[in-house]
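The structures considered in this document are given below.
Consider the two complexes below, in which chain A is the common component and chain B and chain C are the respective partners.
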Partner chain A sequence: MQRWEYLLKRLFLAIVVLFSISLITFFIARVLPSDPAAAWVGPRPTQEQIAKATQTLGLDQPLYVQYWRYLTSLLRGDLGVSIKSRQPILTELKTYLPATLELVIASMIIGELIGLPLGVLSGAWKGGALDNFSRILAVACVSVPTFFLGLLLQLVFFARLKLLPISGRISNEIAINYPITPITGFYTIDTLIAGNWPAFQDVLLHLILPAITLAAFGLGLSIRMTRASIIETLNEKYILAARVAGLPRRTILFVLALKNAIMPTLNVIGLSFVYSLTGSILVEVIFSWPGLGQYLTNAVLSLDFPVIVSVTLVVTVFYVAVNLALDLIQATIDPRVTLS
Partner chain B sequence: MQGAPGIEVSPFVEPAPAATYSEWRLIWRSFRQDKLALIGLAIILVFILGAAFAPLLTPYPEQGRGDPNILEKFKPPSAAHPLGTDYLGRDVLARVLYGGRSSLSMGFLVVVIAVLIGVPLGAIAGYLGGWVDEIIMRATDVFMAFPSLLLALAIASALGAGFTNTMIAIAVTWWPWYTRLVRSQTLSLRERFFVEAARSIGLPGHKIVLTHVLPNVMTPVWVQATLDLGSAILISAALNFVGLGVQPPAADWGNMVSQGRLYFIDRPWFAGAAGAAIFLTVLAFNFIGDALRDAADPYLRRT
Partner chain C sequence: MTELLTVENLHVVFQTYAGTVYAVNGMTFSVQPGEIFGLVGESGCGKSVACLAILRILPGHGRITAGRVLFDGHDLTQAKESEMQAIRGRQIAMIFQDPSTSLNPVFTVGSQIKRIIRHHTQASRQATEQRALELLDEVALPDPPRIMQAYPHELSGGMQQRVMIAMALASGARLLIADEPTTALDVTIQNQILELLVELRRHVGLSILLITHNLGVVAETCDRVGVAYAGQIVEIGPTSEVLHTMKHPYTQGLLAALPSAQQKGRDLLSIPGSVPNGLSVIPGCPFHPRCPHVMEVCRQTPPRLTAVNPGEAQHQVACYLYSPETAQ
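Our next item is the complex of A and B:
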């Protein structure tokens, strides 16, 4: 198969998947709930209010008409209106999304910075002390419930050691005295651009605990998968040849072997992005982080279906896009991908 | 090795070991070498027995079911209450035992339902091929495109909170993995001689799938299912933590952490006990799953 042919096919599949996703979110929002119109009106609705809501929401139309309306408004970028706040969901998402992305990216950096080298080293010295340690660390990381780890870290680093703030993105005093002008919505970047050092420090301190909590799962995954792929690569003949040629172990490990283990690594990064994105839902609750997760869990408690479904949709679109990007990168790096 | 009574074993034909030892017995022989896995098995047994016999094990079964006991709230661990009492004065040990009933059975049932949906679909897709295969596989693509926690959360909140609805919601996000697994196994089985033989004597398709294909794909399915139990319990706990799933006053490890988290800094024992229970269970299942996968590896590669 030609490379461009593969790329086109992959792109086409992604579009089909996106349409099917909209079908499912439509189903969840409009068909599954017992009475969407009553939910729209709020508690103790009158008969008239329900009738009116049924009409405004178009619930009296046949399903395919409803879906068509839903799809066309989605394509226009209209995600509907929150039941609770009566604000357009898109506007609300714009304020929450950067907070979540900042947390997710920070956690991925932490996870990969520790996970990759640890995976390489424990794969290289299989069965050694470091390998045993990182095996236990990895299993513990993927087994601990995110929300419980968050609580434990708060207990240790806030309550006992008094080193780090317990929750939020920024302290109140700092937010008042050194206000942040939002440019990207990423507080760390915004404060850097403005040269706002006191706020930058404060924001960074607030980021540490939630980012570490969120990083745990990806870290465990990354250690395990990097280790496995390094062990596999080290058994290859070209590594033996390099050793026979007397190349230093460092070069063999971190240049020759890691280069070939880069594909599984890309997969790990994709996977941990997804886990971080969904894990952030729980982390944000624990750390009162004003992002998508808080928005979503509040919506769950107040049965705000349009918000629940929109957040699901947006995160899933992110997920599909990241996976597509990874596949395309892999196809560009490694010609073997397009052959299969 | 002795032949069964009444059956003469010819001295010239040595019975093949593979016929006398079943696959699972061989897997068990290698599995039991793994100390961590055995510890995991012990932990799981303790939690399952604890949940099953909860009414006999605790002097406070009514508190385990949810009755408040306000006079004794926030008591730290003591002889009367080994794990302390929670914000309504309920014995935390009783809550953990009763919570295990919900948490363990939800995780377990999620996997069972996902297997029941996913395995037949995978066998059908792999055996029939063509447009049926295409439709089923594209459906798995779509469901796997969603992050599972998020999809389960959306479905569960649309269905309404509760044990059954949440369990169904998680299972709906889980089945595609088994479909993919079984399909790929079925594809390779379809070309094997015994299936071709069954076809050639005119056995109908559904009988071939039921009697010849499915029994041969179940070993990898059960291995995968065991591997998944930990994540299923983790995701159930997460949904319970968010407020879906079992509703108060009933206990679940997830909602216990959620109720205790606001008091955690000063009184960590009740959210801590539930969180530790989830952690230990998932850890144990991961030990078991890893050992099982290693032990079963030669048998998984066979097909």
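Our next item is the complex of A and C:
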């Protein structure tokens, strides 16, 4: 019961946050010196064309009327139209958002599958060979620039070894011969659902290099976070008690200690997940990945305000949702944490 | 009678930034089957370290430098880590001073106790559940099914210590090392826990090595007692003899320092000086800097444990006041 009350409260707060974000981004976008009407019409516009566009876009109205119109259409699920492409933003998001999510989630999985165990083991054998190796790996992961790592991987795995494709989400031949029916927008899931094996294989191969490139930073972080947290936990009396009870080392490390130590790492993972939604722009550019980062950057460069506001809102939704999920996970892991 | 556990001339040192700390310096004692043996001494006298050394779970910078620990005739100091793994829990269990930090806060009591049972017995899920309920009942916890579902922080200190004892019994250990099991509990609960330990000794045949700084606890529960000072045993023997006809000046000082009704209103007695920090080995008798009866020989050579009376070999003391050569 307490949990439902808590959820309702958080949901209400989320709405307040979303409303404020929409308000702030909308006004910042409108206050900046630019002319959306001119952008809408295209190069070398006539005076009449601009006047007409101004009317069509509602720019002749006072700001609060513009915002009211925007807000009411937003509540109807209409995010508006991109000034640059003149496409409904919702339609565009349906291709860009899943592409980014697929990439970011894949990179998280890679990062944590390696980062968590490596962090636990290097914490358990502090100062050992594995610890030294993982320290170097972590520092390298965090400090090597994304573009450099991306290019390096392309050079090795595409140019030299010819193992993996250089860019895009799918090869042209495969896209033509084994077309993907979009269901979720996640190519890996869509091909799996359809049982489209050649396409699945191709899509997966395309995912590897960009996902590794994007995973590097989070990998470095989670190695260090997990290590620090595990070292602290291993000093606890209940770990000594578990050793005295004769429980095997791997149970102690990966069950008894890790459940106590995992929360800081989960918090970092959650935040870097949201950050990557638009922060993956470098990876998207290097690997021609049609994702949210590219979409937003192009919108900013061409002052495509409806898109900027919409993407900001989408990211905010994820931010709020991830934070709520982290709080719920923490309460589930640690019974001493109360939701309030 | 053959001893269950014999600690012989045990030495443990710690490498620290301040230098080498000599924590245990030739400790010798034994625990008989079905016996409660008390190890008393001030904080820092090496009694806890000796127990960690028995189980070979010293912190990373601690090392056993000499001596033997015989359990059932096997020298644990020479055992491989895998052999120790089989000893811990299954043969020797241990409970600690503060039960609230000895239980894992994010697992239910049931899952913690069942994990130990399953690991040591490979019993079926149902048998494990059944055994866990029995154990909780055995340590006199009310409503075992509810306790199984509870998290440690939902229990009181006394209940937590009972859970710890149940977990120690879960693996079927023959020797229980209880390191200050009642120090963190309030007095009425202390008594209940001690009664439980005495009861378990009678029913299960458990041998107990009870570490404490509380002479009252020793008087109530222990069959035999060893008094530790600066990492050595200075006096050892049957509890009633050691407490009534104490010989070693340190033991006498300890007992004199106990508050009693007669000294109401007066200052409490204390032993002058303080416990050595262990950074250097004191030549001769470790107690000589604080001893009121110090003699020249005490500063030169360490005394050995010898029988107080030739007639009773049980009660032994390491003090020149009682050795035939020096006694005038």
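Criterion: the second predicted complex is superposed on the first by the 306 of 340 C-alpha atoms of A that agree within 3 Å, B and C clash if a C-alpha of one lies under 4 Å from a C-alpha of the other, contacts with A are read in each partner's own complex, and residues count from 1 in each chain.
Keep this in mind: a contact is a pair of C-beta atoms (placed from the backbone, for glycine too) under 8 Å apart; a residue touches a chain by one contact, two chains touch by 3 or more.
Just so it is clear, the structure is predicted and the values come from calculations on it, not from any experiment.
> Could you check whether chain B and chain C clash or fit when both are placed on chain A?
Once chain A is superposed (C-alpha atoms), there is room for both chain B and chain C without a clash.
> Under the stated touch criterion, which partner chain does A:241 make contact with: chain B (first), chain C (second), both, or neither?
Only chain C; A:241 stays clear of chain B.
> After lining up the shared chain so the two structures overlap, which partner does A:232 touch, if you call chain B first and chain C second: first, second, both or neither?
A:232: touches no partner chain.
> When the two structures are laid over each other on chain A, which of chain B and chain C touches more residues of chain A?
B
> With chain A as the corner point, what is the angle to chain B and chain C based on their C-alpha centres after superposing, as a multiple of 10 degrees?
That angle rounds to 80 degrees.
> Does the superposition put A:315 against chain B (first), chain C (second), both, or neither?
First partner only, chain B.
> Just chain B (first), just chain C (second), both, or neither: which does A:251 touch?
A:251 contacts chain C only, not chain B.
> Rounded to the nearest Å, state the minimum C-alpha distance from chain B to chain C in the superposed three-chain model.
16
> Any idea which chain A residues touch chain B in the complex?
13, 16-17, 20-21, 24-25, 28-29, 32-34, 139-140, 142-148, 151-152, 154-155, 158-159, 166, 274-275, 277-279, 281-282, 285-286, 296-297, 300-301, 303, 305, 308-309, 311-312, 315-316, 319-320, 323
> Which positions of chain A touch chain C when the two form their complex?
It is residues 236-238, 240-248, 251, 256, 259-260, 333-336 of chain A that touch chain C.
> Contact residues on chain B for chain A in the complex?
The touching residues are 138, 141-143, 145-151, 153-155, 157-160, 230, 234, 237-238, 241-244, 254, 257-258, 261, 264-265, 268, 271-272, 275-276, 278-279, 282-283, 286-287, 290.
> Give the list of chain C residues in touch with chain A in this complex.
55, 57, 85-90, 93-94, 96, 98, 101-107, 115-116, 119-120, 151, 153-154, 164, 167-168, 170-171
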